[in-house]
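Below are two complexes that have subunit A in common, paired first with subunit B and then with subunit C.
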Partner chain A sequence: MTMTATPTPLARLGRVMVDRPLVPLIGLLILLVAILAILNPGVLSMFWAGNTLKIAIPLAMLAACQTLTMLTGGIDLSVGTAATIAAYLTATLAPLIGVPPAIAVALAAAVVIGLVNGFGIAICRVHPLIMTLGTALIATGCLLVYQRYVIATGVLIPEALLWLGTGRTWGLPNSLVLFIPFAALVIWAQRRSGFGRLLYAIGANEAAARLSGVRVWQVHLTLYTLSSLIAGVTGLLYLGQIKTASLSLALPLDLPSVAAAVIGGTSIFGGRGGYGGTIVGALILTVLTSMLTLMQIPEGGRRILFGLIILAVTALFIRLTERS
Partner chain B sequence: MRRWIEANTWTLGLAVLLAVLLLATKLIQPGFGASGLDSLARAALPFALATVGMAIVVIAGGIDLSIAAMMAVASVTGAVLMDGASDGQSLLIVVGVLLLGLLMGAVNGALIVLSRVPDIVVTLAMLFVWQGVALLILNAPGGGAAPWLRAMVAGGLLGMDWLPRGIVFLAVVTAAIWLPIRRSRLGLRLYAIGSDPLAAFRSGVPVGQTRIIAYALCGLFAALGGLSVTMGTGIGEPIPGPYLLASVAAVVLGGVVLGGGRGGLLGPILAVFILRTVRMDLTLLSVDPNVAAIVEGTIMVAVVMFGAVVATRGRKP
Partner chain C sequence: MPDAPSDAVLDATGVAKRFGAVQALKNASLQVGAGQVVALMGANGAGKSTFVKILTGVLKPDAGHVRIRGRDSTVSNPAGARKWGLVPVYQEPSLIPDLSVADNLRLGDTAMAPFRHWVSELGLPDLDPDALIRSLPLASLRIVDLARALAIEPDVLLLDELTAALPTDLVERVLRVVRAQADAGRSVIYISHRFTEIAAICDRATVLRDGLTVGDVKIEPGIEERIVEMMLGGSVAAAVTEGRTARPLAAAPPRLSVKGLKTGTRLTDVSFDLHRGEVLGVVALEGQGQDELFDTLAGNRKASAGTVEVDGSPRTFSHPADAIAAGLTLVPGDRAHALLMSRSVRENIAIPLLARFRNWGAIRMGEEAAKVAHAIETLQIDTRAQGEVRRLSGGNQQKVTIARWIAKGVQTLLLFDPTRGIDIRTKRQIYSLVRDLADQGAAVLFYTSELAEVRLACDRAVVIFNGRVVDVIDAKDADEATLMRAAYGLTGKVPA
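Then we have the complex of A and B:
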């Protein structure tokens, strides 16, 4: 990489954004919180912070799926469906077969979705976006069929999930108990483990990775199965948080999870990014959403804004990396 | 010459498959006739128009994920404006909605060319934008459609019951837009940038401009598809239907290679009718509609998988 003798301020900013995406992101987060405080004085409190964290955690966990798949240049649009199915299965099966078997069945269903995704993407070489969209469609159909047969039995949301989803300890949400080890594990896996390096290698140059002996299809199969498993666990957490078993529980999180990863500096073309930025991205989105709700922007406006943010950030990253 | 024969063998095979499926339908339900054909045509019309739009973009080497959302925008815009409008006004509205479709597609194409972000990312982002626009225009299904528009796709043509107006409408519209383009220099350019953008650029094809035109045409057909949803149901539908995956599957089944440069429009249209007939047969066999949706989704995913395998094989000979 050649640096010119006197880099322009824009190019220098570009290098900072690409090398240390966390710094400008945290700055943006603080800026948004400050604007929120000005718009609505007195909103900032320990309770508000705990609430924001609580809402941001499921989003950040689903965004982990997007971060990991995006590192290889893929995407997983079936995470919302996998999470919804896991939550629905747990809630409806728990009164019938007990809580632990219900959770096991729920996570197994999520893993099956991931295996189908992995098969299509790794072996048939379908584009991940189309493949995961297709499995989401099929899985939703299966959920609708399943729902007709369990309509008579009751719904039970396990106590442990309620504690995890809605409980608070010292003002902080209990979901941090799940999230902090999870985040640490993901960050360790992507930075230090061999699997993480394979993800970056495939995303940076798939042909080169293949020629250096990486079995790309095995990595893809593992990756999409892992992604669905994470989505399933998120579904369980979300069930405890929302406290109802609905057929579209986590579906509205699909798009924000992509947006969170993109804002967090993970390149949608693969090879660059990390989970740390994604967590900040999820926090930024949560604060932004509460701001938009405060300003009474309708759902349509929010979607437009999310779409434009994804587009703008991606275009910006392309420009910055080309310049530097 | 050999490629020409091969392409037509595929299309002929699809036509035979469709004929077999229609015969099977007749066996399943002996009463299947003009009215069944009419409802099949009406159900297939939005899918067919979406597929034509998608096929043009795929031929030009791209993909448009926002097609279903653009259809929703066109559908609600038409339905909201036409609610209570006179016949003359509604004709103007139709023209306006078609121009809106062209504009939406051109915006997609221009963003791809100007931002240099890959088409799949841009149209994914625009999918959300157009969805939001449709929701802002109309929050829940509603609005209306002019009676003459609804009459355009319902019933047989001029007393010939066996020829549904929906099919005539599809054939006339597609031929009127696509045939002149296919015969012109623009048609050649669309295929050229699809098969090799660099070679096309070096032979003096304005690649960016042609790409924007391809997306604008896709937007135009999406607007037609959205209008046909309103024509069929009489209301505007702000939530996009399952047209994205269906159109990609039909394009692949129709013999257009994902990656561009090869295939025509007849194959994808036949493929749409094949997929719709399968769905109709499942309904006639009184299969649970949700199970039918699973079967249909599985067929589409399998088709796309098959297409991807073929495309990968084709790339490394």
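Then we have the complex of A and C:
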């Protein structure tokens, strides 16, 4: 793709996707919804829309962790674990010590995971992929130990979380009460806060950021701690939605959260992207899942198709947008 | 120009090469006979490295021919050059770090026995062939690279700055071996900034200037001055631009006082004072320690000895943020190290404003916009493509790297070759900007690879050779010949 030659239609599409990433993404989302409506006439309803939003929100929140870390060229594969641990601790501790202390302990545990990630990545310079996977493994081990020694008193899912996770108001999920301010804050912070700008700067050129006086380790430590905190909050929301405390509650969301960010136009190499696209990416994935479910394909086939579609869409987006 | 030896082993004639708008080589020639060591010389930007790349087949010439033993070069890559009889040894060793010495030899199809012979001849008899390349010190790597080249028994050996950063005892051995090669009838092209080495082993010197071969002289006592003149050519007369008279220095303690600074192998002992309102030039040939000096002052590298005082109080920098806090801000030589290529002009200029923890919160957008606009205005940056810095021209990119520190507020500006590779109009804007900054009380350290710039932009210049300050020259005396002589470690001042 040279600058002088007339751009091919594909190159032009790539350009649009870099400059206005939301436009083609929303187009794709509408296309998917249309296909769904054709395959299953009558499926579209207010209830369906509310349900899709409800399912997409925890995914979109975990994908915020991926978006923020990917902006610096990193990734956080411990978000599913952090969310699961926060949910499990809340549900099992609430009957023992009461709801607010249980939530405090749960979020503190998530923050510890983030601090360990941040320490390894910022100070020891371990690659984020390895560091967060390693931390996730250790944390899961700790959870198993905890489960053997502490459980007995049963499980209590706090009312407030049930309201937030499953309740609806005027057909819309109550989780929007949490998600709308959250999304607004992330989108504001990525452009209008010093911290957000530094994420882009580090992802675009870490050496240049350093030469400009940025202590990169401070940013990494804060970022990974924040990421785990977001994951912990998501775990609480997810607990209210799924209504059971399991040892693998949010683990299946790990890879879809990465996929949502990538489909949403955030570069895995850092320096480019944003949360707006990620939210649409999460919606696309959710609609895709419900499409495959409604097509009544057996579980195995559905997973294979889901994986293939994620890979195809991601490869296409990267091909169109990553120019040297 | 004396006639080329008719029995030239290597004969390059009329070589020309253009890169876009830049004519890097116009008419370069080089002849090397059997049993000769010929020095290839030229100031920065004379086209030396382009010429070397053409000789070794990395680049194809637009015009002219290169012949070895009368055969036309059909070389299209370095491996081809080797088959054809020319083997280069570069300043950066071309060895794979994660393989052992022996594996590297195997990769290059080089026999072990002659290699061993040359390694011990060159002063490293104990070299372990199973040692990983990455575990060896740089000096040993140079020896390994040279021994490998010798083991191939090439017709023509091309040595590019081979002795830079070698310890003296090894230099002596290397020079002896290179000379012995020539005495045994082979041909050597020797590239070096060091006149003492050239005097010791070379038979002739071919001098390049502005892409032309301007001279081919026999090496004899006193030839250094002539070579310097040839490298400068008419440019001495051309640079009649008025030299600045040195400004009276403030009585206050110097803004920046550097004493006995040392780091790595290249920067051995540098001291100077830089005052408010002063532009201090730094003149040095490539690799004399100036990169390390700027990196150390910017907090990007630690000094192993010496002190840095800012406004009279000693400082140590363990991170660029420390240097910035002390008012020392760097514009690095390579723009790619300074810029966020995929981000906007505004974001690039604003990072230092946000770098510190206390500025991580909400950005005061109005204030930031005003500072950025002021910096863009001061530097006259063309902002038509401001969405992504990568889409700007080289000159505008360079302006962005400087604008960043204008927005932050300049106290001591460290400019490393800020005008390299940019157009003359932008260069002039940068000189006058530097002048204005100094007049407003800033202190500027200005390394330049273009000697003529010292008179245009500086008050004084320190000349660094071999990691030390060898001379301090007032701008009014800083004609190119004087600077060049000093930069080559020859006697500093011109005899009156």
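The criterion applied here is as follows: the second predicted complex is superposed on the first by the 290 of 324 C-alpha atoms of A that agree within 3 Å, B and C clash if a C-alpha of one lies under 4 Å from a C-alpha of the other, contacts with A are read in each partner's own complex, and residues count from 1 in each chain.
Here, a contact is a pair of C-beta atoms (placed from the backbone, for glycine too) under 8 Å apart; a residue touches a chain by one contact, two chains touch by 3 or more.
In this text the structure is predicted, and so the values were computed from the model without any measurement.
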| item | value |
| --- | --- |
| First (subunit B), second (subunit C), both or neither touched by A:133 | first |
| Touched partner set for A:192, first subunit B, second subunit C, both or neither | second |
| Which superposed partner A:271 touches (first subunit B, second subunit C, both, neither) | second |
| First (subunit B), second (subunit C), both or neither touched by A:308 | first |
| Which of subunit B and subunit C A:200 touches, first, second, both or neither | second |
| Greater residue coverage of subunit A in the superposed arrangement, subunit B or subunit C | B |
| Touched partner set for A:44, first subunit B, second subunit C, both or neither | neither |
| Partner chain(s) touched by A:299 [first = subunit B, second = subunit C, both, neither] | first |
| Partner chain in contact with A:213 - subunit B first, subunit C second, else both or neither | second |
| Set of subunit A residues, in rising order, touched by both subunit B and subunit C | none |
| Partner subunit A, residues of subunit B touching it in the complex | 65, 111, 115-118, 120-122, 124-129, 131-137, 139, 242, 244-245, 248, 258, 288, 290-291, 293-294, 297-298, 300-301, 304-306, 308-309, 311-312 |
| Residue ranges of subunit A touching subunit B (in the complex, touch as defined) | 120, 124-127, 129-131, 133-135, 137-138, 141-142, 144-145, 148, 255, 258, 268-269, 298-308, 310-311, 314-315, 318 |
| Residues of subunit C touching subunit A in the complex | 298, 300, 319-321, 324-325, 330, 332, 336-343, 347, 350-357, 359-363, 365, 387, 404 |
| Subunit C-touching residues of subunit A, taken from the complex the two chains share | 19, 192-195, 197-198, 200-201, 204-205, 207-215, 218, 222, 271-272 |
